[in-house]
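Multiple structures follow.
Common to both upcoming complexes is subunit A, partnered first by subunit B, then by subunit C.
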Partner chain A sequence: MKELVSKIKMRLNILRVNTVNTFQGETAYFGNNWGNILSTFLYTVVQILFVQVLYSQINTFAGYDKNQMYFLLFVSQLGFYTNWTWGEVNHRLLIEDVRRGILDFLLVLPVPSLWYVTFRKIPLLTIARDALPNLVLLAWLINWAHLPLVVGNVVLAVLIFILGIIAWESFCFLLLLPVFWHGESKQIYSLCYVLRDNENVPWEGYRPVFQFTFSVIVPTLFMAMIPVSVALGKVDGWPMFSLAVAVATVFVILKKIFWKIALKNYTSAS
Partner chain B sequence: MKLFFSVVKFNWLKILAYPFEIIAFFACRLIALGMLALFWYAFAQSTGGTMDFKPLVAYFLVAAAIKDLTFSTDFKFGRYIQKIIMQGEISNYFIKPVKTVPFLFFSYAGENGMGIVYAFISLTIGLVVLPPASWVNILAFIIFLFIALFVSVAFNTLIGIISFHSTEGSGFRNAINHVIKILSGAIIPLTLFPIGIREIILLLPFPALVFTPAYVLQNNLSGGEMFFTFSVSLGWAIVLFFLTHYLWRYSVKKYEGVGI
Partner chain C sequence: MKNIISVKNLGKDFKIRQNKNVITGLWRPDFRIVSAVADISFSVNGGESLAILGPNGAGKTTTIKALTGLIYPTRGEVSVLGFLPFDRNPEFLQQIGLLMGNKAGLNWDLTANQSFYLLREIYHLEPASCEARVNELAELMSVKHVLDVPVRKLSLGERMKLELIGAIIHSPRILFLDEPTIGLDIVAKKKIRHFLREIQARYKVTIILTSHDMADVEKVCDRVIVINKGNKIYDGLVEQLVDDHNEEKMVKFYFETTPTILPEILQAELITTSDDGVVFKVKTNQMPQLISQITTAWPVLDIDIYATPLEDIIESLFRK
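Here is the complex of A and B:
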């Protein structure tokens, strides 16, 4: 029990230190943030224009009206920013460290290595800077009163969303591991961007074979499509929640196993 | 020209060192195409059959090929120039007895040989799905493709020039990229826009990047329409060429390198 508490304390301490360290780095050159604010704002505007143009041709898309599509976009963006600012940042750092052979500087630290490389940077300022204005804009566009949201469904949807983020981060982590063997994995890791790039198709727009593929084998639909469908009451939440728990668990276990295998193959430059 | 082709060959050979990356590249592109097809299939279904799925898919296959052949995909050539400038490596290119921008262009072209191979595959499939009506369409496509190349290189260079004047180039580059993506017809065909807005967008340089070449390949335009489209595209290509040329020379004069 004491050992477990000590392990948890160490991990929480790593989170705290990395958060503070990342914040100091983000605020060192504050002027650099303006370009990114403009970029993410324009991206959201383009997405809104995209939906507007689409719905000028149709009334519903895979059973979703425009308001529900904005809701889907809102949750997709939430998932994107969470994954992009936390998962992707740390994954890119890890790829570079392995390529340059300097990962052993991290491995010699007296900390759990997988936990450390997963949470090395926690850019809260980037999330606030990039995500908040755009999510506020989308939230303002949504007519919340017209969405058939029920508390129970929303709670399940939030839990599925969180599990989806965990499963997706673990899946992307597996895609970066070839760098330990081949010395490069940028293109292989790029599969994450491509597989995630389906945020405009609701769960109901997929055929059953794709629903299975993109939830169990490539867990991309858990980040937005499934939570939205559950929140809107279009699918039963409890089976989806159970599936999310199972998928997230499997991918986290796979992440741990393959991390150990990858480390055995690692050769440093020092 | 012989030197530039040697540069292309050298950079092409570099990417062959990582064969799994090549496989992953093609996998990425094919999956992206699949996602696109999925989305537009769902859209076509939602129109209740009033919109045909085939022309939409053919459009995006040809559009993807155009973007790769003209290096306008996410303006990665511009990102390449920005990276070289921000890291100070541009100084090494300035001291070479070659024109810098063409040298950088051919270096980048070599490194993106896979994109060019994929472009031909995508274009071929697009032509099979929706064959052009006549040889006139193909000839017009080739002419507009060259114009698209000029416009794309100009935009990429303008994006690269940002790094001469700002330490934060990536944010502005991404901002420009998002706007151009929708106005060029890369993510949604301009034919789906409301007619008033479409008329305005067609006067801008952005459709020349993707929409215009794909549109002339897949549709029969009248003589007047063809002349108007050609004039607008060529006009913008000339304006952007001179603008880029002037801004590049102005920026290089302001550039300060550190110890070669």
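Here is the complex of A and C:
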């Protein structure tokens, strides 16, 4: 028990110091920090325009009205920013570090290596800077009172969303690992972009075979479509929650196993 | 002194892709096995300072990486401080430090002090004593004034000194140094060598060093292991290595006008001839005859006699 507490304390401490260190790094290039806002803002505006155009022709899409579609867009953007600013930043950093042999310096630190490389950068400033304006805009467009939200469903939806983020991070982590064998994996890793591009289609719009594929094999739907469907009461929450737990667990275990195998194959570039 | 590193029949092979044909290589890649370390055994006692020498590709860095747990050995046994390095036991990692001359461990965008804060937390160091240690080490290295400057704005010499402080901030028992003075100017090299000797004496740190610069070895290490093509070819004290090759001396003659033609003299070997002087390598017992022969034939301004440089000794070992 004492050992478990000490392990948890160490991991929380890594989160804390890495957050501080990331913040120091984020503020190092202050002038460059605001350049990304415009592109993310324009992306959101284009998505909103698409929804406007779509719903000027039809009343519902896969059972979703315009307000519910904005809600889906809101959650999918939340998932996107979480992945982009945390998961992807750390993945790309790891690819570069393996390529250049800089991982050496991390592997000689007395910390759990997988935890450390997963949470090396926690860019709170970037999240606040890039995500907040767009999420606020979307939140402002949503008529929250007209969404059929029930507390129990929302709680389950939030948990599924978190599990989805964990599963997706682990899935993408597996895609970067070929760098340990081939010395490069950016192109393989870029599959994460393509596979995540289905984030604005509601769960109900997928055929069963694609629902299965994009939840169990490539776990993208847990980050927005399934939590939204659960929150809106369109699908039963508990089976989806159980599935999310199972999928996240499997991917986390796979991540741990393949990390160990990858480290055995680490050649540490000179 | 207690034995803290034990290496038995260490071997490490790498699978290297080599495609002679670019097209067929896309679906049928060719691989060959390269043995970076073939079969190396040695042990190190606590407090020793050991240099691992060898030409490029000899297996020096691979040996260091196996000792620090960065790479998994293909064969053999490695034990460091009673641990298997690749297990990466936190207790083991807490006791080692690593500096690599050709890689940057400090965060490029942060100041050294900001990076040291991260290390302080990771190694669970008490803030006040850590700050005192950083200041003491920075003072020794003359880099106290750049502790709060972003690393990207520092010179290579300053950066390496700070990298070294980062590598020993937690008072490791063993410090691994892979070419610590590579690319540095002579002043920075001297400073780092002096610093390493100082911390070894002060904190009884065991030093394992690889370098192509013989001055690093002579100034920092007591013992040397020479490896070539993945095998150990010499293991002994630096002093002993020089003594073993002491049957020959280098003799340099300074002339007012350097003779253009020098006859074949005894069994002496002419090494160099220039306006600066002429250097012979001669067996120690034949040295008086050489000096007598030269001084009789030409007006000599001055004579220097010195042992065969370590660099030449090592080179002769590589050739064996």
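Observations
The criterion applied here is as follows: the second predicted complex is superposed on the first by the 269 of 270 C-alpha atoms of A that agree within 3 Å, B and C clash if a C-alpha of one lies under 4 Å from a C-alpha of the other, contacts with A are read in each partner's own complex, and residues count from 1 in each chain.
Definition applied: a contact is a pair of C-beta atoms (placed from the backbone, for glycine too) under 8 Å apart; a residue touches a chain by one contact, two chains touch by 3 or more.
Everything numeric in this text was worked out from a predicted model, so none of it was measured.
When both complexes are overlaid on chain A, the residue A:Leu42 reaches subunit B alone and has no touch with subunit C.
In the superposition on chain A, contact of A:Asp197 is made with subunit B only, not with subunit C.
Once chain A of one complex is fitted onto chain A of the other, the partner contacts of A:Val235 are absent, as it touches neither subunit B nor subunit C.
When subunit B and subunit C are set side by side, the one touching more residues of subunit A is B.
Once the two complexes are overlaid on the shared chain, A:Ile188 sits against subunit B while remaining clear of subunit C. By the touch criterion stated above, A:Leu109 is placed in contact with subunit C alone, subunit B being left untouched.
In the superposed model, A:Phe50 lies in contact with subunit B only, and not with subunit C. Applying the stated touch rule to the two superposed structures, the overlap between the subunit B and subunit C interfaces on subunit A comprises residues 29. Those residues of subunit C whose C-beta lies close enough to touch subunit A in the complex are 14, 61, 65, 68-72, 86, 88, 90-91, 93-94, 96-98, 100, 102-105, 107, 109-110, 114-115, 117-118, 121-123, 150. Subunit B makes touch with subunit A in their complex at residues 18, 20-22, 24-25, 27-28, 31-32, 35, 38-39, 42-43, 45-47, 51, 166-175, 178-179, 181-182, 187-188, 192-194. Residue ranges on subunit A touching subunit C, taken from their complex, read 13-14, 16-18, 20-21, 24-25, 28-29, 100-102, 104-105, 107-111, 113, 263-268, 270.
Note for the complex: subunit A touches subunit B at residues 29, 31-39, 41-43, 45-46, 49-50, 53-54, 56-58, 60-62, 178, 182-188, 190-191, 193-195, 197-198, 200-201, 205-206, 210.
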